[in-house]
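One structure below.
Going by the order they are written in, the chains are A, B, C and D; count residues from 1 in each one.
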Amino acid sequence: MYFLRFVGKRILQTVIVLFFVSVIAFALIRIAPGNPATLLLPDNATEEQIQEKEAELGLDKPVVIQYLNYMGGVLRGDLGTSYNYQQPVTKVFFSRFPNTLRLTVAMMLICLACGIPLGIIAGIKQGTVIDFVAMIFALLGQSMSNVWLAVLNIYIFAVWLGWLPSVGVGGMEYLILPALTLGYPLSATTCRLGRSGMIDVLREDYITCTKAKGIPDYLVYCKYAFKNALIPIVTVVGSQFGLFLGGSVVVETIFSWSGIGQLLNQAIGNRDYELVQSSLLLIACMCAVVYLLIDIINALIDPRITLD
Amino acid sequence: MENLLEIKNLRVVYKTERATGQALNGMSITLKPGESLGLVGEAGAGKTTTALSILNLLPRAGHILEGEVLFHGKNVLKMSKKELQNMRGHQISMIFQNPLTSLNPVFTVGEQIEMVLRHHLHMKPKQAEERAKELLESVGIPAYRLHEYPVQFSGGMRQRVGIAAGIACNPELLIADEPTTALDVTIQAQILELMKLLQEQHKTSLLMITHNLGIISELCENVAVMYAGRVIEYGSVEEVFAHPSHPYTRGLLGALPDMEKNQERLTSIPGTVADAQNLPEGCRFHPRCEHCMEQCRSKQPYPIALNHRHMVECFMYEGGDGQ
Amino acid sequence: MKKRIRQLICSVLVLMLVLSCAGCGGNDSAADTTAAAGGTQAEEAAQAGSDDKIINVATSESIVKCDPHDQQGWPGRAGVAMVMEPLITTDHEGNFFPLLAESWDIAEDGLEITFHLYDGIYASNGEVFNADDVVATYNRILSDNTLNTTVNYWSRLDTVEKVDDLTVAFHFTEPEACAMDYFTATFCFPDEAYAEYGDRLWLDQIMIGTGPWVWDEWVDGQYLHLTKNQDYWKKDEYDPYYEEFYMRFLTEESSAIAAQLAGDIDAYISVGGISKDSVGLYEGTEDTTEIIEMKTSLFHFIGFQCEEGRVFHDMNLRRAFSMAFDREAIGTSLIGDNIEVSKGGLSFSFTLGYDENMDSPYYHYNPEEAARLVEESGYDGSEINFLIGSNVPYGENIGLLIAEYCQAIGLNVNTEIAEIASFQDRRKAGDYDCYLTTDGVNYGEIYNYMKTRLVSDIHQSHYVNDTFTQLVEESGHTLDIEMRDELYRQCNEILAEDVPHINLFCSPKIYAINYGVTGIQLFPDGDFNFSRIDYDASAVK
Amino acid sequence: MDKKIILRRIRHSRFMIVGAVVLVFILALSLLAPVVCQFDPEASSIAERLLPPEWLSHGMAGHILGTDELGRDVFTRLLYGARISIMIAVAVCCSAAVLGTALGLTAGYFGKKVDMVIMRAMEVIQAIPDIVLAICVLSLLGPSTLNLIIVLLIGRTPMFCRLARNNTLVYRNAEFVKASRSMGAGRAHIIFTQILPNITTPLIVQLSQAFGSNIMIESSLSFLGLGIQQPQPSWGNMIAAGRKFLATDPWVCFAPGVALMLIVLAFNFLGDGLRDVLDPKRT
């Protein structure tokens, strides 16, 4: 089954990537100045108390041994304990992960709900008013930095209109603003991709041929043309989904949405070595799975793309 | 017997960014039910435009200035979207030139045939699949390949699928736009054999568009020679091939190597094809015509009937002397 | 074959979507055993009885761990204080009140302190609490000397001894001047529970204690939820109206205020206090929310690198720096009108060692004198690195203003904002010319500040003054408050003269508490305590 | 495509004209900053703290867009901030484009081992979020503008590399490449004269969009305190500083926000217009 061979090969490549990610994460966080032991102790800690804390955290051993211990743990499934939370990294990570997942899924729904249809319609009705409106929607969306968009959203919906709570984690109404802040730029990108994709596809011979077969317009556009225009969308939106599984630090900081982005930012601030390394590994792992899924979906959509 | 298809004085222009090209300049042909007509001419003579106009499928840049396309007496250009969609693929179907790009790459071959059956004949998916298998068999493709994708087929096989899709609903008129141009000779012969067979079985009338005179002589009863958007000579194949009257037709036939005569050089027509963006005045062919007369340069020649089965548009035969 | 793969993949995709939507739908996805993520606060509040029996308090920093003896931030200590109680409590101004211990006596030589516990104390799980529990708690502290409490408070504690069921004796290696303060900040847990669970008592958030509240759930980054201890051993003294207590972590100030205006939270106790410019948002809520402005001992100070060969080894340059900028203008514009500008040394009006008529010339804004000193000193104009911690409240703006004032008198000062970790690292290595940070004078004591920052010189500032060192050592051992006050006064004199550290101002803290909410203790050194929080209908306007 | 066609298309493309006009306007303003405004962007004056915008009541002399929390004129800082932001964006994007295309071409053309190595390296870089890379590199090397460019460069290269590689793959086994290879053309010749011209269009469009997104990323990094440090003005750190006063004095935050949106919009308009103009298949 060459399909299983492809998945196997891909997993092997992912393992290599994860290995490099772990090495680079391990090195990067240790290069950054600051010693986790001194951060955990109050200012007036004496030298040997710091030494003892380092021994407790296992930082006194030579770097290579530390790496081998860490990787040994990872292979056994123990991703180390966070210095700050004094709890296994998996528990800390997955207590925050549902929030980031909810935010990412909500973002995807917004993007699929308004990005794709708008893009398709703009592609079909090229040059008309709808096309112009869609282009403005897309261009505005792509030129909004999420810092500015978040601030604007808070100002309009929370401070001025007061409809939505601006911050904190909770039910649906807490989710709307951050999801909108992340969803709008992504749906703008999707809209543009959808539009250019449709324009290219509608020029093709087989569309004229399908029309020549008397197939009604809505079927021609929404089924036969759309499936061809889908591939660039799936690739970009999929990779964004993978990226945002790592959480968006800016949006989570502004909306106090305690997700992975905020956790990672704090962990780096506190030089929580094992939490940072393991979080990066987990995020890289998830991204790899998502990229694998994208390739499979692409291969399903377009037979010309072979799972080499 | 009333005409199946009648094109009257059709004028079509393409407005592109560069300039506007006059693709058709008052073209007229008629087609009786069951008749097979060959439309021949060099590239840019407006053959494909004619085919697309019949189905009212001109691309965004194409504009129909005047003229009518009557199918069963009904003007196709004035039809509503609903009527058009019912006609296309059901009463008139078309086979495209380049098989590599005329099949949707992301759908199975079966789907591209079944969609016509499902839409026009309202077949259930199961039933449509069976019928599609029969159609594939009829065009010489093994039925089990129904669920494969176009990418897995060769050029010739894809063209067969196009044909299968075209004849799915037993159309009254089949338009074939240079079906074999992109294929090599051996496959060409098979395709032509197939079309001849289908024509006899289903009595569909055929509009064969090609620049290959050999195909015309084999398949068609009548032939219409087109030049710069007009039909300059029309008649039965025997008549026109035996007595080519229009200088352009003579040039075309002269260009063919003939096994019997041992000619050293083939006659070729001097000059280049008329440029649609700036057509010459009067008779479009006069810059390349050896018998060019004074009036050819100024006036547009009118169709002259040499006999009841042969018409030509050239001032040489004005006096009806019929050389 | 292709068909079968497609079904397989589609089913996987659908499964993933359903799974994530479940997570997204807000219902409790059992991510792990203890901190159930998701679970909207509104739903929980509705299930647990009427709305007004629930008190929501917002703080600006979140709790990171539940270990009672390893807390770093004030919110963490405030949360633990509601569940586990210390031996005694204090008003942070030198007076102590009984809590677990009824009375106490301190030996003459200061080497032994004995506490007499109340009779009939029991923990929330019904366990009897007596001398054994206190001994177990302090033995745990002595056993691990990397805990924050151990490092901060108990470096001189030698042994803990159980005299009888209700009496505990503490033996010290040397007399500890601030021992009583440290007892108020050390929380005791029941020994049977500790024996049974060990560290899991806090790692798994079991948190059994004798306090008036019971620990229900802490969700990292979101909230801490406590329920009322129906069977509190001091029920007669404190029986709160509220059934549930939520401490919400809202790092974003403007949103926390918006939440309070919307009525979602009843009190906003920000660790750094509400900024002057945001107080304006409370206009129009005079009848529902009380704006409290506390004078606290949180002060900004600048430390110099006085090592040989460095710019600020020259005392005159340090004095020039101190005179170069206008403390009054900077403080009032950035922080607020009633800041207390320092007149010299370390002490403020409410701390020990304060001298009314102390008026050091170097603490006045005197640019001409400063410029003159700079010329005389032969300063070559090389760049001065002004290191500022990124967590210092108003640090960036104060630093920028000071740098500008210094440029005006010829000192080429450039600010550098450093992340907390690198800020600490650079300070430990002495890699700075001067740094800006804040410190709080806990319990009115400046001993701890002078001992660590100047005498043991943890920031490698290489400032050496023997008389100053001798004074500080002596004050560490004198238990008598008047004597200590005199010693601190002399220390301040030296500091005002040598200027190794210059004090800017101590800033007030602004809190916003809705009327009716009482019992929130706010202390002058910035600390706060919620364990006696209550509701008083009469106070509501 | 001959020059005449491109020029006519440029004249007709509304997007391109609007984008170019706004961009030139902003560039001119930021370059003429010393002439246009009289205030020093880094000089603070506590007396004039948080003044509301006076618009043009005092002509160009007044605080057109008001002052920020240290009394510095917002309009002046906006213009000086524009210089830095655009300079960084241009430096990062061009270098990332060149580096990315080079890597992409080699990966796409030589394929198999080379392709696998480069692509996995790109995946590793993309797996590490921007902020982690930024924090570690910046705190190690110190937050200077050059280091910021290096960090942004590393972050942006994978995008160009992936694009260049995918396009190269498409053209690698195109007929005309096979033809020239059969005529004995060298590898360099094929890459630079055959493949490179064909993949420039998507790269140019990607470059124009990269300008916009790069300015946004720089503003996010400055927001997290990693980008350009005070007192030097940059739109990112102006929005970050202004956020505290959003409810009471919103202009401190709105001014850089709107400016940021305008310039990124201009770049996107330009990019979009470019895409239409250079689109070979356009009738």
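Assume a residue touches a chain if its C-beta (ideal position, glycine included) is under 8 Å from a C-beta of that chain, and two chains touch if they have at least 3 such contacts.
In this text the structure is predicted, and so the values were computed from the model without any measurement.
Two chain pairs, A-C and A-B, are weighed by contacting C-beta pairs, with A-C ahead. The most distant chain from chain A, with centres taken as the mean of CA atoms, is B. Averaged Cα coordinates give chain A a centre that lies 36 Å from the centre of chain C. Chain B has its Cα centroid 54 Å from the Cα centroid of chain A. Once the centre of each chain is set as its mean CA position, chain B and chain C turn out to be 89 Å apart. With centres defined as mean CA coordinates, chain D is found 53 Å away from chain B. Along chain D, residues 135, 139, 243, 246-247 each make contact with two or more other chains. Listed for chain B are residues 59, each touching two or more other chains. Under the contact definition stated at the top, the residues of chain A that touch 2 or more other chains are 32-34, 154, 159, 253-254. Within the complex formed with chain A, the chain D residues making contact are 15, 116, 120-121, 123-124, 126-129, 131-133, 135-137, 139-140, 209, 212-213, 215-217, 219-220, 223-224, 236, 239-240, 243, 246-247, 250, 253, 256-257, 260-261, 264-265, 267-269, 272, 275, 281.
Within the complex, the chain C residues that touch chain D are 253-254, 257-258, 275, 277-278, 280-281, 329-330, 333-334, 390, 396-397, 400-401, 403-404, 415-417, 419, 421-422. Residue ranges of chain B in contact with chain A, taken from their complex: 52, 55, 57, 59, 81, 84-90, 93-94, 96, 98, 101-107, 115-116, 119-120, 149, 151-152, 162, 165.
Across the interface of their complex, chain B is touched by residues 204-206, 208-217, 219, 224, 227-228, 301-304 of chain A. The part of chain A that touches chain D in the complex is made up of residues 13, 16-17, 20-21, 24-25, 28-29, 31-34, 135, 139-140, 142-148, 151-152, 154-155, 159, 196, 200, 203, 243, 246, 249-250, 253-254, 261, 264-265, 268, 276, 280, 283-284, 287-288, 291.
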